[in-house]
Amino acid sequence: MKVSWLQDQLPQLAEHLESSAEELNGLDAQLGDGDLGVTMVRGSRQLLEIREELPDDWGMALLKCAQAFTKTSGSSYGTILATGLMAMAKQKKGQAEMDSSEWAGLLKVALEAMQHRGKAKLGQKTVLDPVSAAQKKLESDPETGLLDLIEVVQQTIDEFRDKPCQIGRARIFQDKSIGLDDPGMVAFKRLLEGIVPN
Amino acid sequence: MKKLLNDPYKYVDEMLVGMCAAHPEIYRQTGEGGRVIARAGSQRPDKVGIVSGGGSGHLPVFTGYVGHGLLDACAIGDVFASPSVEQMAEAMKVAHAGAGVLRLYGNYGGDVMNFDMAGEQLEMEEDIQSTTVLLADDVSSAPPEEGEKRRGVAGMVYAFKIAGAAAEQMRSLEEVTRIAQETADSCRSVGAALTPCTIPQAGKATFEIADDEMEMGMGIHGEPGVWRDKLKPADDIAHEMVDRLIADRAIDSGDRLSVMVNSLGATPPEELYILYRVVKKRVEELGATIVMPLVGRYATSMEMSGVSMTFCFLNQEREALLQAPARCAFWQVE
Amino acid sequence: MKKLLNDPYKYVDEMLVGMCAAHPEIYRQTGEGGRVIARAGSQRPDKVGIVSGGGSGHLPVFTGYVGHGLLDACAIGDVFASPSVEQMAEAMKVAHAGAGVLRLYGNYGGDVMNFDMAGEQLEMEEDIQSTTVLLADDVSSAPPEEGEKRRGVAGMVYAFKIAGAAAEQMRSLEEVTRIAQETADSCRSVGAALTPCTIPQAGKATFEIADDEMEMGMGIHGEPGVWRDKLKPADDIAHEMVDRLIADRAIDSGDRLSVMVNSLGATPPEELYILYRVVKKRVEELGATIVMPLVGRYATSMEMSGVSMTFCFLNQEREALLQAPARCAFWQVE
Amino acid sequence: MKVSWLQDQLPQLAEHLESSAEELNGLDAQLGDGDLGVTMVRGSRQLLEIREELPDDWGMALLKCAQAFTKTSGSSYGTILATGLMAMAKQKKGQAEMDSSEWAGLLKVALEAMQHRGKAKLGQKTVLDPVSAAQKKLESDPETGLLDLIEVVQQTIDEFRDKPCQIGRARIFQDKSIGLDDPGMVAFKRLLEGIVPN
């Protein structure tokens, strides 16, 4: 697929994130500062702004997507997401094509970069955990469809629900966080849901 | 916990406009959305730039400390929220005058991620050399063996002052970074909160605490402390804070140190002075000398009641730099 | 409304000990029970002495403003209570260096009685020439035709500064008194309170106010204001305060004035700057120029939330004196 | 009578004021800062301190009594009282004798000085009102006994109870002060009660 595929996805992705904003703010408010929905909405609105200008080069296009988040938010999730996108951008520099078989590898470099940036470990109940689960699933079965990936992410959310958040703002409320979904995990699920399977 | 504001979402922007309007000879607003505060006038060529950044709501920290002998620029987020990577990169660009930039700020996850990313971005794009020194002076936030996990609090005022003076002497980035790191390593702080404050956008208190309670060791954003109990007499609180600080780093006879007794906002100077009596006595009993005590509002959480106490151990170099001239709207050293 | 203290009856004494311990190069404690704060060092011979006095709980007012280019000595009572006649007489003796003494303080019944009596006592006993200038700048405390009934509030900071600079220029008692009186006459203030504060010895709030209410025109000890209603947006409050000040004394095109936006204690500088935006715009729209705006905590009521706004109209003489050097622990002008 | 008469009075005067302290603090707390009892107790303790040293000259003795109050309190009542005592002291300078027939004249100068000092007018519900009433009574009947004077003071207190305080700290609470006794008036009554009629 080409960058135009991404361009086609953006409107409904943005719409889905707008409609999830309240939910994400609410989840984040229980454990943090309640701005996660705002972060996602601002980022996706910025994506719509630059949609037309996205270059054909996947590397450059992903870099611009990353910047859509670093420009509009100072919150952790925006930076973590941008870090992942940038890592993928480096990988895809100069390429106008992307194949779904590349997803596992791209998610892998993204995950590494995100771990390096945020200094969090897997298992600490952050967005890293569902990203890792999705990456593993794709690695074992490169043909995994989007709906199955979303299923894997949901399983990770369920699995971590009764564990404590050990990183970020939510770390302050370790005990309170038991029984609550990690907002960043849910935001990742909403991101995937915003993409229409082709 | 009532606040004077208009639209809570404009709290920071209106505050910055007012601050620069009141002190145009000191501050200049720049950057996307005006979220970078730089010194008025132009940068002195080849001076090392010092930038800081973090959430609003801590005046004079961070923005207030932009000025001669202190910071060159500062990126400022919403109340208690990190500035964006872009804003941090802009602050660094403004501060860069050919000799590189030191990023000097508190150890908070979001700020660290963003500043690191901004630094990498700038090194790639513009080839600006930069270094990082993190303040992690709050002894209650992690045990000594996990010192790198500690939060940065009022100790950063000493780091701004001492590194700022070193930069003003036209020392190299390497030297300024060394001095800033040594200052950061020489600071120990502890705080106690009596009331929460209200984040404008949230509109409610950061935490709840009973009318007769205090919390020892609480962080400046309401991060949980080491105990919560009935409010104690001022002298008991002062003694406990001194005890906690010297348990982390002993004061030896002959030591020279500056001491900060800092209000988190609402606590008036009257009460800081009541505490200072005890601190001075304790430090001097150990055979040490207090240099340039700072008693006042140096690092706050808006209208929070409470205090923090910081010890900054000095050597000859740091002592001279601490006493070098500096000037911002909130603090002047001649 | 929690306070850091030991024995409430020792609040003031412990506070003064701490203040002098923290700033021995500026303050010296003297007088019966240590209730007089004088400048460190000895008086400059033949300089007119300026003394103030009043209740504690308003730092930097009054004691904090002892220093070069400001006050020479200050008698300090318990929180919100007048010092004794004896203490006031002592402050005057300390301040007297051969050229007489100006008593410069706020118009509160108890203070006036005691200072008058102290002055008479000293003129009889020691033949010290003395004069009085009262600050009565609070426009909400009485209508203009009863101006002599008005309370003195933050305007006294301008009077201390301007008269203090005149005395430092070795002007005569008559001249310093004239300048102080003209400054007092040129000041207009208005305050608004959001919360009360707690007098240590009483142990309870000075007044009650609902969580969503404010009171316009309230005095710094909780004296009733002109209206109490729901808390308004910051800009509305700023506009109303400006309106009230200019209704009492119009700002004319070409006027030069200093503006103070002052926190009563807990209200943070962030919020003062939000208000200052409006004041600056309003004053400049009238064709006037703001000189040396003061935004911060200059006259407080311990941990009270709220603000006051003061206009000090300047002429050439007062403007130069306002900008002359001064130095105390809370304020430095270079 | 001589100054020794005053010296004899002081112990029981001080005792009576000690036992009235709580009442006076309480009255003052309703309308002011609640320190009136403290003011009276501190003053009378200081009077006991200097009791032995009181000179034979009524003028000097009254001056010392005045200073007992100015030294120990910064509150209005102490200063007002001291002002009255000083005015009387000036009148009696150099005299070792005092006659009860002089009381009307002495109270008159005291009242004038107190009015001048505090800038209050008669009728504003302060200590001035019972002092004036007592003075008038003595003027019309110089033989009035102490018990009758106390009666006159009580009448003034009753008469003013339902009027508002218009001066001092209590002025702030004009409405609240209606129905409440003025603390300074009551303190004046307690002073007179402390003197044993001879």
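Observations on the structure shown:
In this document, chain identifiers A, B, C and D correspond to the written order of the chains, with residue numbering beginning at 1 in each.
Here is the rule we use: contacts are C-beta pairs under 8 Å (C-beta built on N, C-alpha and C of every residue); 3 or more make two chains touch, one makes a residue touch a chain.
Just so we're clear, the structure is a prediction, and the values are computed from it rather than from any experiment.
For this pair, chain C with chain D, the centres built from the Cα atoms lie 33 Å apart. Chain centres here are Cα means. That of chain B falls 57 Å from that of chain D. In whole angstrom, the spacing between the mean C-alpha positions of chain A and chain D is 81. The set of chain B residues touching two or more other chains is empty.
For chain D, residues touching at least two other chains: there are none. Judged by the touch criterion defined above, the protein chains link up one after another in an open path, with no loop closing it. Applying the touch definition to every pair of chains gives A-B, B-C, C-D. Of all the residues in chain C, the ones that touch chain B in their complex are 2-6, 11, 14-19, 21-22, 56-57, 59-60, 64, 194-195, 211-212, 214, 231, 233-235, 237, 265-277, 280, 293, 295-297, 300, 302-303, 305, 307, 330, 332, 334. For chain D in complex with chain C, the residues that touch the partner chain are 29, 33-35, 67, 70-76, 78-80, 82-83, 117-119, 167-169, 172. Residue ranges on chain C touching chain D, taken from their complex, read 32, 77-78, 80-87, 109-110, 112-114, 116-117, 199, 202, 222-224.
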